[in-house]
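I have a structure I would like to understand better, so I am pasting it below and will then ask my questions one at a time.
In this document, chain identifiers A, B and C correspond to the written order of the chains, with residue numbering beginning at 1 in each.
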Amino acid sequence: MTAEAATDSFSIGREIALARRRRKLVFLRRLFLHPSFLAGFIILTIFSLTALMADVIAPYEPTNLNYRSILAPPSAEFWFGTDAFGRDVLSRVIYGTRVSLRIGIAVVVLTGILGTLLGTLASYVKWLDGLIMRSLDGLMAFPGVLLAIALAAALGPSETNAIIALTVTFTPRTARIVRASVIVVQGMQFIEAAHAVGAGHARIIFKYILANSLSPLIVQLTFVFAVSIVAEAVLSFLGVGPPPPAPSLGNIIADGRSNIQEAWWIAVFPGLIIAVVVLGLNLMGDGLRDILDPRHSASRETR
Amino acid sequence: MKMHINLVPPLRVLGVVGIFALASAILPAPLQAQVEGGEIVVVQGSNPPSLDAMSTSSQASRNINMNIYETLYGFSEDVVPIPILAEDVVISDDGMTYVFPLRQGVMFHNGKEMTARDVKASLERYRVVGATGNLLTPVADIEITGDYEVTLHMVEPTPTFLEAFSSPRAPAVIIPEEDGGTAAGENSFVGTGPYKFVEYIPDSHVTLEKFADYSTDMRHDGPDGFGGKKTAFLDKVTFRIIPEPGAQVAALEAGEVHILEQIPMPAARRLESDPNIELHENLQWAFTTFIFNTNVPPTDNVKFREAVQVALNMEEIMAISSEGLFSLNHRWQYPETTYDPGDIGAEFYNQADADRAKALLEEAGYNGEEFVILTDSTIPQHGRAGVVIGEQLKAIGINTVINQVDWPTALNLRMQDEGWNGWTLQMGIEPYLGPVGLIATLASPARPHFVKPDPELDALYLELTKGATVEERQETFKKIQAHLYEMFAIVKVGDSGLMQATRSNVEGFVPFRFPRVYDVWLEG
Amino acid sequence: MIRFLIYRLLSAIPVLFVVSLVTFLIMWLVPGDITAEIGGIDASAADLQAIRERLGLDRPLWERAINWYGDLLQGDLGYSYLLNRSVTDAVLERLPVTLSLAGISLLLATVIGMLLGILASVRHNTWLDQSAMITALVGLSIPDFWFGIVMIIFFGVWLGWLPTGGFVPLSEDPVGWARSMVLPAFTLAITQMGVIARMTRSSMLDVLSQDYIRTARAKGMPARTVIFRHGLRNAMIPIVTVVGVISGVLLSGAVVIETVFSLPGVGRLIIGAIQRRDFPIIQGGLLITACVFVFVNILVDLAYAWFDPRGRDDG
């Protein structure tokens, strides 16, 4: 792309826009023809619709208790049985998907923003690079979700705090990925060209650099989404997630664990739902990676 | 001795249950061949915060410590102070001196004999590190009046002193003189009990070993409450810490462990007919209570508190929080016990009366202020009760928020004068101790659980501790019961039980305030 | 190689410094302190204040931080009043449990994962490939703590083959130790197995499509030799990287799995310490865990360098 093309007449601009749209359509077509992505997309759509329409679908209120029907096994009345409070597990699981979705999306958005910000800053502002990266290394030195557990416990059990704890935990790796891909993009010729025609820093960062390092970020974020859903369950299991009676999937499993033998249905159903959703997200991630980054298909960086 | 219980349906609403539990406890030991040797594993959910018995009132500690340590006086099976390490007590007519002659030849686990010097050192230490050190406040001076005799000189006559002194809550145990100067938790864990301490690996286990030189109290035929004739049959006892109730039950079923300090009721129902497992019911285990913060709105308003009191459906709260092992009881004493105050207050109990509650709310001028329920997940009954209470109050239009934290946080938060309105608390040992032990937690000089001291209750508490005879104290307690249903600062939700379980080859286990591992043996 | 090692060790220092700062931040955020646990429900506000003063918890955080760093320089991580032992002892006592759990899981995950991956890559685009990859994908989607609960019920209770929890030290009873480790280690390995299988497959496919492999095959070298001598050796680099990341995941996964299986490891120590507000243990435990993790990563870098000599001089 030359300087003239970018500043030339209206019609050329329109042509470029059209070409872009065409490319986008081709991309989407390829994406939805990819079997993994499609399967994952369907799973996630069902999951999201369940979450959004929880009040319509759920047969009962998720917090309605009834001590006359405690630990009732699955039946026509209660498809997934009832828990130790006599609450309908199906309704709780349905509402639980809402909590999981909310936490998942919040963490993805926050991690995406913070990761991009820190990653771009580190790669763009040389004197900040060392400081940011060493700090992130420090955060990453806590293995896995240990940091999230400690933070959530410190902040106190609530949905917001779980989101904060998970964001702090997942941002470092995301920032690293952004930084790495920005550095690669920065070295490319068209960036130099943009500099040469006097494009501003902000414009270059947003229009060229970020747009071109989006793929690894998207793949990473599907992964963050999946891990957040599992991590929420872990936090709730350890008693530092959203507090009861909130019907989060992790809370339901935690509720069911002491009666797992007498009432397997309480813990088993939400666990299965988590497994299926995570599977869906992994499938989507696989598909995205195949198409966005064909060189590294079928496997992704791990937690 | 074991009892086979017909296990309760999910709903257990019994009026008189105490007799059953009591009878099982006092019946003489059966004539079975007792077997020496072997080892058993007892399971509990949490670490003992300390194995320094006097410095803690935690149940997890008491479970273990009461097998290691002994006190001068302690409660018998029917909650009367009896001598354990003391021969006797001689109380002067004016109530100003208590002379404790000691049993002779009692050995500590370190091989030394217990003398008056050890007793004095222990009690002096209790003043400093004892979790309820203020029970020695009425004692002016501890004097050694013989090799085997200690005399307590009082500041003023305190009729309830011996009862308080016998309390197992944070027991005034006797330890060697050498440990007298140690800080809390830093003694050598040496006591005089039938089992001695071997090892503590937090989050894993505490190991006890039979104390070969244990000096048996021959005044009794068998164990009696915290005292009596104790015999260690087993060579080794391990208290294993397993936090997950499900994992505890699984371990019991697999035969890896022998005694569960507590088994969840659904599991108990499932295992009722399992020939390998015996269930033991401890019916009068705890009061389930709900405590208001009388210092902040809306709970500073007595009408609001009354509204909550009459709104609550105690049956539902108890059925869910205790998993079905409970009895409804409005009294601040167990029914049919010495201080049972009768029907006083019954008209406010288990009303589930939404209309009356709403009318009272209106009278209180309530308009949607937040009502924060402080509860914890560490003690499952607390968390469950908090959730049910929250739902019931939401139903009558109270803007309820549940703040479920862990136990240490809950303890910290409720020490703050603001930030919470209601707090769920299982009172386990306090009701067992009788009226003084219970009301002490609600009256000055302690910080009352409901935050703002109530002068009238304080006066009644003083009257209770000064009451010279049982009859006088009974009368005072009736006034207390009536007053508690006037101020509505604390809600009595009900009495909850504790279900315990053993493998069938464990013989001699009798449920009590702690798992007694002496006079327990393994079937040959 | 030595210079590289020294460089890596030195660069760990700022990382661990950040770790210690974060642990102070966590302490600063945690509501309440250990005093409620020590004092219990009877303690009055004055009692609690006395305990606080005795333990120095009343002093400002910066002062405690300075003291802590001072002690740290002398190799002293502090003392836990609740556990009655020094933090170093408490952690070292439990480290074997966590390390053996993480170690066995790593071994299981790597061996089974690589076998699945090799199988899939060698039989590329057959039903074997597909079922291996579906297994891997399902494996990595299962929440491990939930899977642990299901495993306990199935193997511990219904079948009664394995203990339901608890730990037997290796020195006491090797068979008991192995039995106590099977379920937790397998549970912990299940997700990582999937990750390694997928990584192995894709890097094997990469390598197997390279010219020199084709040449080796064309020259009539036996398939097994091609796969193991050339293919796998060269596919190891990305696999080793993943194994490094996974060892960290296993360390933290151990935290939850230790709770599920009642194993007295470092993870449960830290969780318990957080719940009890046992600050010295929280700090020391997190720092030592991070140290172990950083050290494992250094090992991984060394392995990386060994498999790929060009990597030695990378920072």
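Things to note:
As a convention for this text, a residue touches a chain if its C-beta (ideal position, glycine included) is under 8 Å from a C-beta of that chain, and two chains touch if they have at least 3 such contacts.
Just so you know, these numbers come straight off a predicted model, no measurement behind them.
At the centre of the protein atoms shown, by the Cα-centroid criterion, sits C.
Counting C-beta pairs in contact, the pair that comes out ahead of the other among B-C and A-B is B-C. The geometric centre of chain A is 23 Å away from that of chain C, both derived from CA atoms.
Centroid to centroid, with C-alpha atoms defining each point, chain B and chain C lie 41 Å apart.
Inter-chain spacing, taken between the CA centroids of chain A and chain B, is 48 Å. Among all residues of chain A, those that touch two or more other chains are 156, 239, 257, 260-261. The set of chain C residues touching two or more other chains comprises 31, 149, 152-153, 157, 259, 275. Within chain B, the positions touching two or more other chains are listed as 244, 246, 250, 378, 405-406, 409. Looking at the complex, you find that chain A touches chain C at residues 134-135, 137-139, 141-147, 149-151, 153-156, 226, 230, 233-234, 237-239, 253, 257, 260-261, 264, 267-268, 271, 274-276, 278-279, 282-283, 286, 296-303. If you check the complex, the residues on chain C that touch chain B are 31-34, 36-45, 48, 54, 81-84, 90, 93-94, 149, 152-153, 156-157, 160, 163-167, 259-262, 264, 268-269, 272, 275-277.
In the complex of the two chains, the chain A residues touching chain B come out as 63-65, 67-68, 70-71, 84-86, 156-157, 239, 243-245, 257-263.
On the side of chain C, the complex with chain A involves touching residues 14-19, 21-23, 26-27, 29-31, 133, 137-138, 140-143, 145-147, 149-150, 152-153, 157, 192, 195, 198-199, 201-203, 242, 245-246, 248-253, 255-256, 259, 267, 270-271, 274-275, 282, 286, 289-290, 293-294.
Residues of chain B touching chain C in their complex: 47, 49-50, 55-58, 131-132, 169-170, 183-186, 200-204, 240-244, 246-247, 250-251, 253-254, 256, 378, 405-409, 411-413, 415, 441, 446-447.
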